[in-house]
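Structure first, commentary second.
Going by the order they are written in, the chains are A, B, C and D; count residues from 1 in each one.
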(Lines give C-alpha, C1' and ligand atoms only; values in the text may rest on other atoms or scores of the structure.)
Protein backbone atom coordinates (compact mmCIF):
# COMPACT_ATOMS: atom_id res chain seq x y z
CA UNK A 1 0.00 0.00 0.00
CA UNK A 2 1.53 3.26 -1.09
CA UNK A 3 -1.28 5.71 -0.56
CA UNK A 4 0.38 8.35 1.61
CA UNK A 5 -2.94 9.84 2.58
CA UNK A 6 -4.17 6.70 4.31
CA UNK A 7 -4.05 6.71 8.10
CA UNK A 8 -2.05 4.13 10.03
CA UNK A 9 -2.82 2.18 13.18
CA UNK A 10 -1.70 4.99 15.48
CA UNK A 11 -4.24 7.38 14.00
CA UNK A 12 -7.16 5.47 15.49
CA UNK A 13 -8.22 6.06 19.09
CA UNK A 14 -10.40 2.97 19.43
CA UNK A 15 -10.12 -0.65 18.29
CA UNK A 16 -12.24 -3.75 18.17
CA UNK A 17 -10.94 -7.22 17.33
CA UNK A 18 -13.03 -9.03 14.72
CA UNK A 19 -12.03 -12.62 13.94
CA UNK A 20 -12.78 -13.60 10.37
CA UNK A 21 -15.17 -16.48 9.70
CA UNK A 22 -14.81 -19.35 7.29
CA UNK A 23 -17.56 -18.15 5.01
CA UNK A 24 -16.08 -14.63 4.81
CA UNK A 25 -13.71 -16.12 2.23
CA UNK A 26 -14.97 -16.20 -1.32
CA UNK A 27 -14.02 -18.27 -4.31
CA UNK A 28 -10.75 -16.37 -4.73
CA UNK A 29 -9.62 -17.46 -1.26
CA UNK A 30 -9.80 -14.07 0.40
CA UNK A 31 -12.43 -12.17 2.31
CA UNK A 32 -15.17 -11.04 -0.07
CA UNK A 33 -15.44 -7.27 -0.55
CA UNK A 34 -18.99 -7.22 0.82
CA UNK A 35 -17.90 -8.67 4.13
CA UNK A 36 -15.60 -5.70 4.85
CA UNK A 37 -18.74 -3.64 5.31
CA UNK A 38 -20.02 -6.01 7.97
CA UNK A 39 -16.80 -5.29 9.88
CA UNK A 40 -17.45 -1.55 9.57
CA UNK A 41 -21.07 -1.99 10.63
CA UNK A 42 -20.06 -4.10 13.59
CA UNK A 43 -17.30 -1.73 14.77
CA UNK A 44 -19.58 1.31 14.60
CA UNK A 45 -22.60 -0.26 16.28
CA UNK A 46 -20.54 -2.03 18.91
CA UNK A 47 -19.13 1.32 20.01
CA UNK A 48 -22.57 2.95 19.99
CA UNK A 49 -23.96 0.17 22.18
CA UNK A 50 -21.02 -0.22 24.57
CA UNK A 51 -19.95 3.42 24.94
CA UNK A 52 -23.13 5.22 23.90
CA UNK A 53 -25.80 3.04 25.46
CA UNK A 54 -27.60 2.62 22.15
CA UNK A 55 -30.78 0.60 22.70
CA UNK A 56 -31.80 -0.48 19.22
CA UNK A 57 -35.24 -1.61 20.36
CA UNK A 58 -36.36 1.33 22.46
CA UNK A 59 -34.44 4.50 21.63
CA UNK A 60 -36.65 7.07 19.92
CA UNK A 61 -33.86 8.07 17.55
CA UNK A 62 -31.61 5.79 15.58
CA UNK A 63 -28.86 6.09 13.01
CA UNK A 64 -29.75 5.51 9.37
CA UNK A 65 -26.88 4.77 7.03
CA UNK A 66 -26.76 7.47 4.34
CA UNK A 67 -23.53 6.59 2.61
CA UNK A 68 -20.67 4.11 2.89
CA UNK A 69 -17.50 3.46 0.96
CA UNK A 70 -14.31 1.43 1.06
CA UNK A 71 -10.88 1.48 -0.50
CA UNK A 72 -9.28 -1.95 -0.60
CA UNK A 73 -5.48 -2.09 -0.29
CA UNK A 74 -4.59 -5.69 0.48
CA UNK A 75 -6.17 -9.04 1.21
CA UNK A 76 -7.74 -10.35 4.37
CA UNK A 77 -8.20 -14.08 4.87
CA UNK A 78 -9.77 -16.53 7.23
CA UNK A 79 -8.43 -17.23 9.88
CA UNK A 80 -7.03 -13.69 10.27
CA UNK A 81 -8.00 -11.55 13.21
CA UNK A 82 -8.89 -8.03 12.13
CA UNK A 83 -8.31 -5.01 14.32
CA UNK A 84 -10.95 -2.52 13.30
CA UNK A 85 -9.84 1.01 14.18
CA UNK A 86 -12.59 3.58 14.55
CA UNK A 87 -12.46 7.36 14.44
CA UNK A 88 -14.87 10.19 13.70
CA UNK A 89 -13.89 12.57 10.91
CA UNK A 90 -16.97 14.78 11.05
CA UNK A 91 -19.50 15.29 13.82
CA UNK A 92 -22.47 17.38 12.74
CA UNK A 93 -25.79 18.22 14.36
CA UNK A 94 -27.65 15.20 12.97
CA UNK A 95 -24.98 13.26 11.19
CA UNK A 96 -21.61 11.68 11.86
CA UNK A 97 -18.92 10.41 9.51
CA UNK A 98 -16.80 7.54 10.76
CA UNK A 99 -13.58 6.24 9.30
CA UNK A 100 -12.72 2.61 9.92
CA UNK A 101 -9.29 1.13 9.28
CA UNK A 102 -9.00 -2.64 9.04
CA UNK A 103 -5.64 -3.93 10.21
CA UNK A 104 -4.73 -7.54 9.52
CA UNK A 105 -3.21 -9.28 12.52
CA UNK A 106 -0.21 -7.16 13.60
CA UNK A 107 0.01 -4.91 10.57
CA UNK A 108 0.37 -1.14 11.08
CA UNK A 109 -0.96 -0.28 7.65
CA UNK A 110 -4.60 -0.79 6.86
CA UNK A 111 -5.77 -3.53 4.51
CA UNK A 112 -8.80 -1.39 3.83
CA UNK A 113 -10.22 1.95 4.78
CA UNK A 114 -13.93 2.48 5.21
CA UNK A 115 -16.18 5.50 5.36
CA UNK A 116 -19.58 5.34 7.01
CA UNK A 117 -22.14 8.16 7.38
CA UNK A 118 -24.94 7.90 9.94
CA UNK A 119 -27.87 10.33 9.98
CA UNK A 120 -29.92 10.28 13.15
CA UNK A 121 -33.67 10.11 12.59
CA UNK A 122 -36.79 9.83 14.66
CA UNK A 123 -38.01 6.24 14.75
CA UNK A 124 -41.57 7.21 13.83
CA UNK A 125 -41.25 10.11 11.41
CA UNK A 126 -37.88 9.09 9.95
CA UNK A 127 -36.99 12.80 9.88
CA UNK A 128 -33.49 13.94 10.97
CA UNK A 129 -33.10 14.81 14.63
CA UNK A 130 -30.14 16.02 16.69
CA UNK A 131 -27.71 13.28 17.63
CA UNK A 132 -28.83 12.14 21.11
CA UNK A 133 -26.57 13.44 23.92
CA UNK A 134 -25.55 9.97 25.12
CA UNK A 135 -24.41 9.12 21.58
CA UNK A 136 -22.63 12.43 21.11
CA UNK A 137 -20.66 11.85 24.29
CA UNK A 138 -19.50 8.50 22.91
CA UNK A 139 -18.44 10.00 19.59
CA UNK A 140 -16.55 13.09 20.73
CA UNK A 141 -13.53 11.16 22.07
CA UNK A 142 -13.15 9.56 18.65
CA UNK A 143 -12.85 12.82 16.73
CA UNK A 144 -9.76 12.72 14.53
CA UNK A 145 -7.17 15.32 15.44
CA UNK A 146 -8.37 15.77 19.00
CA UNK B 1 -27.74 -39.06 -5.25
CA UNK B 2 -28.89 -42.55 -4.45
CA UNK B 3 -30.97 -42.06 -1.35
CA UNK B 4 -34.26 -43.70 -2.32
CA UNK B 5 -36.05 -42.08 0.57
CA UNK B 6 -35.48 -38.54 -0.66
CA UNK B 7 -38.44 -36.83 -2.29
CA UNK B 8 -38.29 -35.55 -5.86
CA UNK B 9 -39.55 -32.37 -7.46
CA UNK B 10 -43.07 -33.71 -7.96
CA UNK B 11 -43.46 -34.32 -4.23
CA UNK B 12 -43.52 -30.60 -3.45
CA UNK B 13 -46.74 -28.60 -3.81
CA UNK B 14 -45.13 -25.14 -3.72
CA UNK B 15 -41.96 -23.64 -5.19
CA UNK B 16 -39.99 -20.43 -4.96
CA UNK B 17 -37.15 -19.50 -7.28
CA UNK B 18 -34.04 -18.31 -5.47
CA UNK B 19 -31.15 -17.07 -7.62
CA UNK B 20 -27.78 -17.69 -6.06
CA UNK B 21 -25.51 -14.73 -5.29
CA UNK B 22 -21.82 -14.32 -5.97
CA UNK B 23 -20.87 -14.43 -2.32
CA UNK B 24 -22.87 -17.62 -1.73
CA UNK B 25 -19.86 -19.41 -3.23
CA UNK B 26 -17.08 -20.25 -0.84
CA UNK B 27 -13.42 -20.98 -1.34
CA UNK B 28 -14.21 -24.39 -2.82
CA UNK B 29 -16.20 -22.77 -5.64
CA UNK B 30 -19.61 -23.98 -4.55
CA UNK B 31 -22.36 -22.62 -2.37
CA UNK B 32 -21.29 -22.74 1.26
CA UNK B 33 -23.26 -25.13 3.46
CA UNK B 34 -24.45 -22.30 5.69
CA UNK B 35 -26.12 -20.51 2.82
CA UNK B 36 -28.47 -23.45 2.15
CA UNK B 37 -30.19 -22.54 5.39
CA UNK B 38 -30.82 -19.02 4.16
CA UNK B 39 -32.67 -20.57 1.23
CA UNK B 40 -34.79 -22.62 3.66
CA UNK B 41 -35.44 -19.59 5.83
CA UNK B 42 -36.41 -17.50 2.83
CA UNK B 43 -38.73 -20.13 1.33
CA UNK B 44 -40.56 -20.67 4.62
CA UNK B 45 -40.97 -17.02 5.55
CA UNK B 46 -41.87 -15.95 2.02
CA UNK B 47 -44.77 -18.40 2.09
CA UNK B 48 -45.87 -17.27 5.54
CA UNK B 49 -45.89 -13.64 4.41
CA UNK B 50 -47.43 -14.10 0.98
CA UNK B 51 -49.96 -16.85 1.71
CA UNK B 52 -50.37 -16.47 5.47
CA UNK B 53 -50.28 -12.71 5.88
CA UNK B 54 -47.48 -12.88 8.43
CA UNK B 55 -46.73 -9.40 9.74
CA UNK B 56 -43.35 -9.72 11.41
CA UNK B 57 -43.63 -6.34 13.10
CA UNK B 58 -47.14 -6.46 14.52
CA UNK B 59 -48.41 -10.03 14.87
CA UNK B 60 -48.76 -11.04 18.51
CA UNK B 61 -47.45 -14.52 17.76
CA UNK B 62 -44.42 -15.45 15.73
CA UNK B 63 -42.54 -18.59 14.78
CA UNK B 64 -39.36 -19.41 16.67
CA UNK B 65 -36.99 -21.85 15.03
CA UNK B 66 -36.59 -24.87 17.30
CA UNK B 67 -34.59 -27.17 15.07
CA UNK B 68 -33.20 -27.29 11.55
CA UNK B 69 -31.19 -29.77 9.56
CA UNK B 70 -29.92 -30.45 6.07
CA UNK B 71 -28.65 -33.39 4.05
CA UNK B 72 -26.38 -32.31 1.21
CA UNK B 73 -26.43 -34.45 -1.95
CA UNK B 74 -24.78 -32.40 -4.67
CA UNK B 75 -23.28 -28.98 -5.33
CA UNK B 76 -24.99 -25.69 -6.00
CA UNK B 77 -23.06 -22.86 -7.62
CA UNK B 78 -23.41 -19.24 -8.52
CA UNK B 79 -25.00 -18.40 -10.98
CA UNK B 80 -27.50 -21.27 -10.55
CA UNK B 81 -31.15 -20.61 -9.96
CA UNK B 82 -32.53 -22.75 -7.15
CA UNK B 83 -36.11 -23.94 -7.06
CA UNK B 84 -36.93 -24.31 -3.40
CA UNK B 85 -39.79 -26.77 -2.96
CA UNK B 86 -41.75 -26.49 0.27
CA UNK B 87 -44.02 -28.95 2.02
CA UNK B 88 -45.28 -29.55 5.54
CA UNK B 89 -44.56 -32.96 7.03
CA UNK B 90 -46.14 -32.34 10.45
CA UNK B 91 -48.68 -29.77 11.52
CA UNK B 92 -49.22 -29.71 15.29
CA UNK B 93 -51.08 -27.38 17.61
CA UNK B 94 -48.17 -25.00 18.19
CA UNK B 95 -45.50 -26.32 15.89
CA UNK B 96 -44.96 -27.13 12.27
CA UNK B 97 -42.25 -29.14 10.51
CA UNK B 98 -41.37 -28.09 6.98
CA UNK B 99 -39.34 -30.00 4.44
CA UNK B 100 -37.53 -28.01 1.79
CA UNK B 101 -36.02 -29.53 -1.34
CA UNK B 102 -33.46 -27.48 -3.24
CA UNK B 103 -33.50 -28.23 -6.97
CA UNK B 104 -30.68 -26.88 -9.11
CA UNK B 105 -31.90 -25.33 -12.33
CA UNK B 106 -34.00 -28.01 -14.12
CA UNK B 107 -33.02 -30.97 -12.00
CA UNK B 108 -35.74 -33.28 -10.68
CA UNK B 109 -33.63 -34.62 -7.85
CA UNK B 110 -32.81 -32.39 -4.92
CA UNK B 111 -29.29 -31.09 -4.36
CA UNK B 112 -30.18 -30.84 -0.70
CA UNK B 113 -33.04 -31.59 1.61
CA UNK B 114 -33.82 -29.39 4.58
CA UNK B 115 -35.87 -29.80 7.72
CA UNK B 116 -37.16 -26.79 9.63
CA UNK B 117 -39.26 -26.74 12.80
CA UNK B 118 -41.18 -23.64 13.83
CA UNK B 119 -42.80 -23.27 17.25
CA UNK B 120 -45.30 -20.45 17.55
CA UNK B 121 -44.85 -18.28 20.60
CA UNK B 122 -46.37 -15.16 22.06
CA UNK B 123 -44.24 -12.13 21.27
CA UNK B 124 -44.20 -10.94 24.89
CA UNK B 125 -44.11 -14.08 27.00
CA UNK B 126 -42.26 -16.26 24.47
CA UNK B 127 -44.51 -19.13 25.57
CA UNK B 128 -45.96 -21.52 22.96
CA UNK B 129 -49.36 -20.57 21.58
CA UNK B 130 -51.65 -22.19 19.01
CA UNK B 131 -50.61 -21.56 15.42
CA UNK B 132 -52.65 -18.51 14.33
CA UNK B 133 -55.59 -19.40 12.05
CA UNK B 134 -54.30 -17.31 9.11
CA UNK B 135 -51.00 -19.18 9.27
CA UNK B 136 -52.66 -22.57 9.64
CA UNK B 137 -54.74 -21.94 6.52
CA UNK B 138 -51.54 -21.23 4.60
CA UNK B 139 -49.86 -24.40 5.83
CA UNK B 140 -52.62 -26.97 5.38
CA UNK B 141 -52.40 -27.03 1.56
CA UNK B 142 -48.71 -27.88 1.89
CA UNK B 143 -49.24 -31.00 3.98
CA UNK B 144 -47.38 -33.92 2.42
CA UNK B 145 -49.65 -36.72 1.28
CA UNK B 146 -52.73 -34.55 0.90
CA UNK C 1 -35.20 11.09 -2.99
CA UNK C 2 -34.38 14.55 -4.23
CA UNK C 3 -30.87 14.14 -5.58
CA UNK C 4 -31.21 15.46 -9.12
CA UNK C 5 -27.88 13.97 -10.11
CA UNK C 6 -28.94 10.40 -9.50
CA UNK C 7 -29.77 8.35 -12.59
CA UNK C 8 -33.19 6.77 -13.05
CA UNK C 9 -34.25 3.37 -14.35
CA UNK C 10 -34.06 4.43 -18.00
CA UNK C 11 -30.40 5.32 -17.65
CA UNK C 12 -29.36 1.69 -17.21
CA UNK C 13 -28.87 -0.57 -20.24
CA UNK C 14 -28.88 -3.87 -18.34
CA UNK C 15 -30.90 -5.28 -15.44
CA UNK C 16 -30.88 -8.29 -13.19
CA UNK C 17 -33.69 -9.23 -10.82
CA UNK C 18 -32.51 -10.03 -7.29
CA UNK C 19 -35.15 -11.23 -4.82
CA UNK C 20 -34.40 -10.24 -1.27
CA UNK C 21 -33.93 -12.96 1.35
CA UNK C 22 -35.34 -13.16 4.84
CA UNK C 23 -32.01 -12.67 6.53
CA UNK C 24 -31.24 -9.57 4.42
CA UNK C 25 -33.47 -7.72 6.87
CA UNK C 26 -31.80 -6.47 10.00
CA UNK C 27 -33.13 -5.53 13.40
CA UNK C 28 -34.64 -2.32 12.02
CA UNK C 29 -36.84 -4.33 9.65
CA UNK C 30 -35.15 -3.28 6.43
CA UNK C 31 -32.33 -4.64 4.34
CA UNK C 32 -29.02 -4.12 6.13
CA UNK C 33 -26.62 -1.69 4.45
CA UNK C 34 -23.99 -4.40 4.01
CA UNK C 35 -26.30 -6.54 1.94
CA UNK C 36 -26.66 -3.86 -0.75
CA UNK C 37 -23.07 -4.60 -1.66
CA UNK C 38 -23.87 -8.25 -2.22
CA UNK C 39 -26.44 -7.10 -4.78
CA UNK C 40 -23.77 -4.99 -6.51
CA UNK C 41 -21.30 -7.85 -6.43
CA UNK C 42 -23.86 -10.26 -7.81
CA UNK C 43 -25.01 -7.95 -10.62
CA UNK C 44 -21.44 -7.26 -11.77
CA UNK C 45 -20.19 -10.85 -11.64
CA UNK C 46 -23.36 -12.27 -13.16
CA UNK C 47 -22.85 -10.05 -16.18
CA UNK C 48 -19.15 -10.95 -16.43
CA UNK C 49 -20.00 -14.66 -16.36
CA UNK C 50 -23.05 -14.61 -18.63
CA UNK C 51 -21.97 -12.00 -21.18
CA UNK C 52 -18.19 -12.08 -20.77
CA UNK C 53 -17.54 -15.76 -20.24
CA UNK C 54 -15.67 -15.16 -17.00
CA UNK C 55 -14.33 -18.46 -15.69
CA UNK C 56 -13.46 -17.72 -12.08
CA UNK C 57 -11.52 -20.97 -11.68
CA UNK C 58 -9.38 -20.98 -14.82
CA UNK C 59 -9.01 -17.49 -16.30
CA UNK C 60 -5.45 -16.20 -15.95
CA UNK C 61 -6.71 -12.70 -15.15
CA UNK C 62 -9.42 -11.74 -12.71
CA UNK C 63 -10.97 -8.58 -11.36
CA UNK C 64 -9.87 -7.37 -7.95
CA UNK C 65 -12.16 -4.91 -6.20
CA UNK C 66 -10.26 -1.68 -5.59
CA UNK C 67 -13.01 0.55 -4.33
CA UNK C 68 -16.75 0.47 -3.71
CA UNK C 69 -19.30 2.91 -2.41
CA UNK C 70 -23.02 3.36 -1.96
CA UNK C 71 -25.46 6.18 -1.40
CA UNK C 72 -28.66 5.02 0.30
CA UNK C 73 -31.87 6.86 -0.60
CA UNK C 74 -34.74 4.70 0.63
CA UNK C 75 -35.44 1.36 2.25
CA UNK C 76 -35.50 -2.09 0.73
CA UNK C 77 -37.30 -4.91 2.53
CA UNK C 78 -37.87 -8.61 2.33
CA UNK C 79 -39.84 -9.77 0.32
CA UNK C 80 -39.07 -7.06 -2.26
CA UNK C 81 -37.68 -7.93 -5.65
CA UNK C 82 -34.80 -5.65 -6.58
CA UNK C 83 -34.02 -4.72 -10.16
CA UNK C 84 -30.29 -4.09 -10.23
CA UNK C 85 -29.43 -1.80 -13.13
CA UNK C 86 -25.84 -1.96 -14.34
CA UNK C 87 -23.81 0.49 -16.40
CA UNK C 88 -20.15 1.31 -16.94
CA UNK C 89 -19.10 4.87 -16.22
CA UNK C 90 -15.39 4.45 -16.98
CA UNK C 91 -13.59 1.80 -19.01
CA UNK C 92 -9.81 2.03 -18.75
CA UNK C 93 -6.99 -0.22 -19.88
CA UNK C 94 -6.89 -2.31 -16.70
CA UNK C 95 -9.80 -1.01 -14.69
CA UNK C 96 -13.51 -0.48 -15.00
CA UNK C 97 -15.93 1.55 -12.91
CA UNK C 98 -19.49 0.27 -12.71
CA UNK C 99 -22.54 2.08 -11.43
CA UNK C 100 -25.38 -0.01 -10.05
CA UNK C 101 -28.85 1.34 -9.37
CA UNK C 102 -31.12 -0.68 -7.10
CA UNK C 103 -34.79 -0.27 -7.97
CA UNK C 104 -37.40 -1.57 -5.56
CA UNK C 105 -40.17 -3.51 -7.31
CA UNK C 106 -41.63 -1.15 -9.95
CA UNK C 107 -39.98 2.06 -8.81
CA UNK C 108 -38.28 4.27 -11.40
CA UNK C 109 -36.06 6.01 -8.87
CA UNK C 110 -33.24 4.11 -7.25
CA UNK C 111 -33.37 3.12 -3.59
CA UNK C 112 -29.59 3.12 -3.67
CA UNK C 113 -26.78 3.87 -6.03
CA UNK C 114 -23.55 1.89 -5.97
CA UNK C 115 -20.08 2.42 -7.34
CA UNK C 116 -17.74 -0.51 -7.93
CA UNK C 117 -14.18 -0.41 -9.31
CA UNK C 118 -12.55 -3.55 -10.68
CA UNK C 119 -8.85 -3.73 -11.51
CA UNK C 120 -7.81 -6.69 -13.63
CA UNK C 121 -4.77 -8.55 -12.36
CA UNK C 122 -2.79 -11.62 -13.24
CA UNK C 123 -3.84 -14.54 -11.05
CA UNK C 124 -0.25 -15.41 -10.15
CA UNK C 125 1.57 -12.10 -9.90
CA UNK C 126 -1.46 -10.03 -8.82
CA UNK C 127 -0.09 -7.22 -11.04
CA UNK C 128 -2.47 -5.20 -13.23
CA UNK C 129 -3.02 -6.50 -16.75
CA UNK C 130 -5.14 -5.28 -19.66
CA UNK C 131 -8.80 -6.15 -19.35
CA UNK C 132 -9.19 -9.42 -21.29
CA UNK C 133 -10.85 -8.94 -24.72
CA UNK C 134 -13.85 -11.19 -23.91
CA UNK C 135 -14.54 -9.09 -20.82
CA UNK C 136 -14.07 -5.81 -22.65
CA UNK C 137 -16.60 -6.85 -25.28
CA UNK C 138 -19.12 -7.50 -22.50
CA UNK C 139 -18.50 -4.12 -20.88
CA UNK C 140 -18.54 -1.80 -23.90
CA UNK C 141 -22.31 -2.07 -24.49
CA UNK C 142 -22.85 -0.92 -20.90
CA UNK C 143 -20.92 2.34 -21.25
CA UNK C 144 -23.05 5.23 -20.04
CA UNK C 145 -23.87 7.73 -22.75
CA UNK C 146 -23.36 5.32 -25.62
CA UNK D 1 -33.27 -25.32 28.63
CA UNK D 2 -34.50 -28.55 30.11
CA UNK D 3 -33.14 -31.15 27.73
CA UNK D 4 -31.21 -33.42 30.04
CA UNK D 5 -29.42 -35.04 27.13
CA UNK D 6 -27.65 -31.87 26.03
CA UNK D 7 -23.99 -31.54 26.94
CA UNK D 8 -22.73 -28.68 29.07
CA UNK D 9 -19.62 -26.51 28.80
CA UNK D 10 -17.42 -29.01 30.63
CA UNK D 11 -18.16 -31.70 28.06
CA UNK D 12 -16.21 -29.89 25.34
CA UNK D 13 -12.42 -30.24 25.13
CA UNK D 14 -11.84 -27.27 22.80
CA UNK D 15 -13.28 -23.77 22.52
CA UNK D 16 -13.15 -20.85 20.15
CA UNK D 17 -14.51 -17.39 20.94
CA UNK D 18 -16.72 -15.97 18.20
CA UNK D 19 -17.96 -12.40 18.68
CA UNK D 20 -21.34 -11.81 17.12
CA UNK D 21 -21.68 -9.16 14.41
CA UNK D 22 -24.31 -6.49 14.00
CA UNK D 23 -25.85 -8.08 10.96
CA UNK D 24 -26.12 -11.47 12.66
CA UNK D 25 -29.25 -10.07 14.29
CA UNK D 26 -32.43 -10.39 12.31
CA UNK D 27 -35.71 -8.53 12.42
CA UNK D 28 -36.67 -10.23 15.69
CA UNK D 29 -33.62 -8.75 17.42
CA UNK D 30 -31.73 -11.98 17.88
CA UNK D 31 -29.17 -13.90 15.89
CA UNK D 32 -30.81 -15.43 12.84
CA UNK D 33 -30.94 -19.23 12.81
CA UNK D 34 -28.84 -19.41 9.64
CA UNK D 35 -25.94 -17.62 11.27
CA UNK D 36 -25.54 -20.33 13.92
CA UNK D 37 -24.27 -22.56 11.14
CA UNK D 38 -21.57 -20.06 10.26
CA UNK D 39 -20.36 -20.37 13.84
CA UNK D 40 -20.25 -24.18 13.46
CA UNK D 41 -18.47 -23.90 10.12
CA UNK D 42 -15.95 -21.47 11.54
CA UNK D 43 -15.22 -23.52 14.68
CA UNK D 44 -14.68 -26.71 12.70
CA UNK D 45 -12.50 -25.23 9.97
CA UNK D 46 -10.51 -23.09 12.38
CA UNK D 47 -9.52 -26.21 14.26
CA UNK D 48 -8.68 -28.08 11.06
CA UNK D 49 -6.44 -25.21 9.93
CA UNK D 50 -4.78 -24.42 13.25
CA UNK D 51 -4.38 -27.93 14.69
CA UNK D 52 -4.56 -30.03 11.53
CA UNK D 53 -2.65 -27.91 9.07
CA UNK D 54 -5.51 -27.91 6.57
CA UNK D 55 -4.44 -26.08 3.41
CA UNK D 56 -7.68 -25.38 1.62
CA UNK D 57 -5.92 -24.39 -1.60
CA UNK D 58 -3.41 -27.21 -2.00
CA UNK D 59 -4.41 -30.29 -0.03
CA UNK D 60 -5.41 -33.16 -2.33
CA UNK D 61 -8.25 -34.16 0.00
CA UNK D 62 -10.82 -31.91 1.57
CA UNK D 63 -13.89 -32.26 3.73
CA UNK D 64 -17.29 -32.06 2.07
CA UNK D 65 -20.23 -31.34 4.32
CA UNK D 66 -22.68 -34.24 4.12
CA UNK D 67 -25.13 -33.29 6.82
CA UNK D 68 -25.66 -30.61 9.44
CA UNK D 69 -28.27 -29.90 12.06
CA UNK D 70 -29.00 -27.66 15.00
CA UNK D 71 -31.26 -27.60 18.03
CA UNK D 72 -31.96 -24.09 19.27
CA UNK D 73 -32.47 -23.65 23.02
CA UNK D 74 -32.17 -19.93 23.72
CA UNK D 75 -31.36 -16.65 22.03
CA UNK D 76 -28.04 -15.20 21.05
CA UNK D 77 -27.72 -11.48 20.39
CA UNK D 78 -25.25 -8.94 19.14
CA UNK D 79 -23.02 -7.92 20.94
CA UNK D 80 -22.68 -11.30 22.69
CA UNK D 81 -19.47 -13.25 22.55
CA UNK D 82 -20.07 -16.90 21.78
CA UNK D 83 -17.84 -19.65 23.05
CA UNK D 84 -18.07 -22.41 20.49
CA UNK D 85 -17.21 -25.74 22.07
CA UNK D 86 -16.08 -28.48 19.71
CA UNK D 87 -15.95 -32.23 20.12
CA UNK D 88 -15.94 -35.28 17.88
CA UNK D 89 -18.71 -37.82 18.46
CA UNK D 90 -17.74 -40.22 15.67
CA UNK D 91 -14.47 -40.67 13.84
CA UNK D 92 -14.72 -43.05 10.89
CA UNK D 93 -12.35 -43.95 8.07
CA UNK D 94 -13.53 -41.21 5.71
CA UNK D 95 -15.99 -39.26 7.79
CA UNK D 96 -16.17 -37.41 11.05
CA UNK D 97 -19.12 -36.16 13.06
CA UNK D 98 -18.58 -33.05 15.15
CA UNK D 99 -20.78 -31.67 17.87
CA UNK D 100 -20.64 -27.95 18.52
CA UNK D 101 -22.10 -26.28 21.61
CA UNK D 102 -22.68 -22.53 21.49
CA UNK D 103 -22.35 -20.89 24.89
CA UNK D 104 -23.48 -17.32 25.32
CA UNK D 105 -21.01 -15.22 27.28
CA UNK D 106 -20.45 -17.02 30.60
CA UNK D 107 -23.28 -19.49 30.39
CA UNK D 108 -22.61 -23.15 31.16
CA UNK D 109 -25.60 -24.40 29.23
CA UNK D 110 -25.59 -24.23 25.46
CA UNK D 111 -27.84 -21.81 23.61
CA UNK D 112 -27.69 -24.21 20.69
CA UNK D 113 -26.24 -27.56 19.81
CA UNK D 114 -24.96 -28.31 16.34
CA UNK D 115 -24.12 -31.46 14.44
CA UNK D 116 -21.78 -31.39 11.47
CA UNK D 117 -20.67 -34.33 9.30
CA UNK D 118 -17.60 -34.06 7.09
CA UNK D 119 -16.74 -36.67 4.45
CA UNK D 120 -13.22 -36.47 3.10
CA UNK D 121 -12.98 -36.63 -0.67
CA UNK D 122 -10.32 -36.37 -3.32
CA UNK D 123 -10.22 -32.88 -4.78
CA UNK D 124 -10.30 -34.16 -8.37
CA UNK D 125 -12.51 -37.25 -8.31
CA UNK D 126 -14.71 -36.13 -5.40
CA UNK D 127 -14.69 -39.76 -4.23
CA UNK D 128 -14.32 -40.55 -0.51
CA UNK D 129 -10.77 -41.07 0.72
CA UNK D 130 -9.32 -41.88 4.14
CA UNK D 131 -9.11 -38.91 6.47
CA UNK D 132 -5.57 -37.53 6.00
CA UNK D 133 -3.24 -38.44 8.91
CA UNK D 134 -2.54 -34.81 9.85
CA UNK D 135 -6.28 -34.20 10.13
CA UNK D 136 -6.89 -37.40 12.07
CA UNK D 137 -4.26 -36.40 14.61
CA UNK D 138 -6.08 -33.12 15.14
CA UNK D 139 -9.43 -34.83 15.62
CA UNK D 140 -8.53 -37.67 17.96
CA UNK D 141 -8.00 -35.42 21.03
CA UNK D 142 -11.54 -34.10 20.54
CA UNK D 143 -13.22 -37.49 20.72
CA UNK D 144 -16.04 -37.38 23.25
CA UNK D 145 -15.54 -39.67 26.20
CA UNK D 146 -11.77 -39.84 25.85
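Throughout what follows, a contact is a pair of C-beta atoms (placed from the backbone, for glycine too) under 8 Å apart; a residue touches a chain by one contact, two chains touch by 3 or more.
What you are looking at is a predicted structure, and each value in this text was computed from that prediction instead of being measured.
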Farthest chain (mean CA position) relative to chain C: D
Selected interface, B-D versus A-B, where C-beta contact pairs are more numerous: B-D
Distance between the centres, which are taken as Cα means, of chain D and chain A, whole angstrom: 29
Chain A and chain B: spacing of chain centres that average the CA atoms, whole Å: 34
Rounded Å distance between chain B and chain D, as computed from the means of their C-alpha atoms: 23
Residues of chain C engaged with two or more neighbouring chains: 22-23, 27, 29, 32, 34-35, 38, 41, 56-57
Contact graph of the chains (line, ring, star, complete, other): complete
Residues on chain C engaged by chain A in the complex (per definition of touch): 27-28, 32-35, 37-38, 41, 56-57, 62, 64-72, 115
Contact set on chain A toward chain B in their complex: 22-23, 25-27, 29, 32, 34-35
Complex contacts: residues of chain A adjacent to chain D: 17-19, 21-23, 29, 38-39, 41-42, 44-46, 49-50, 56-57, 78-79
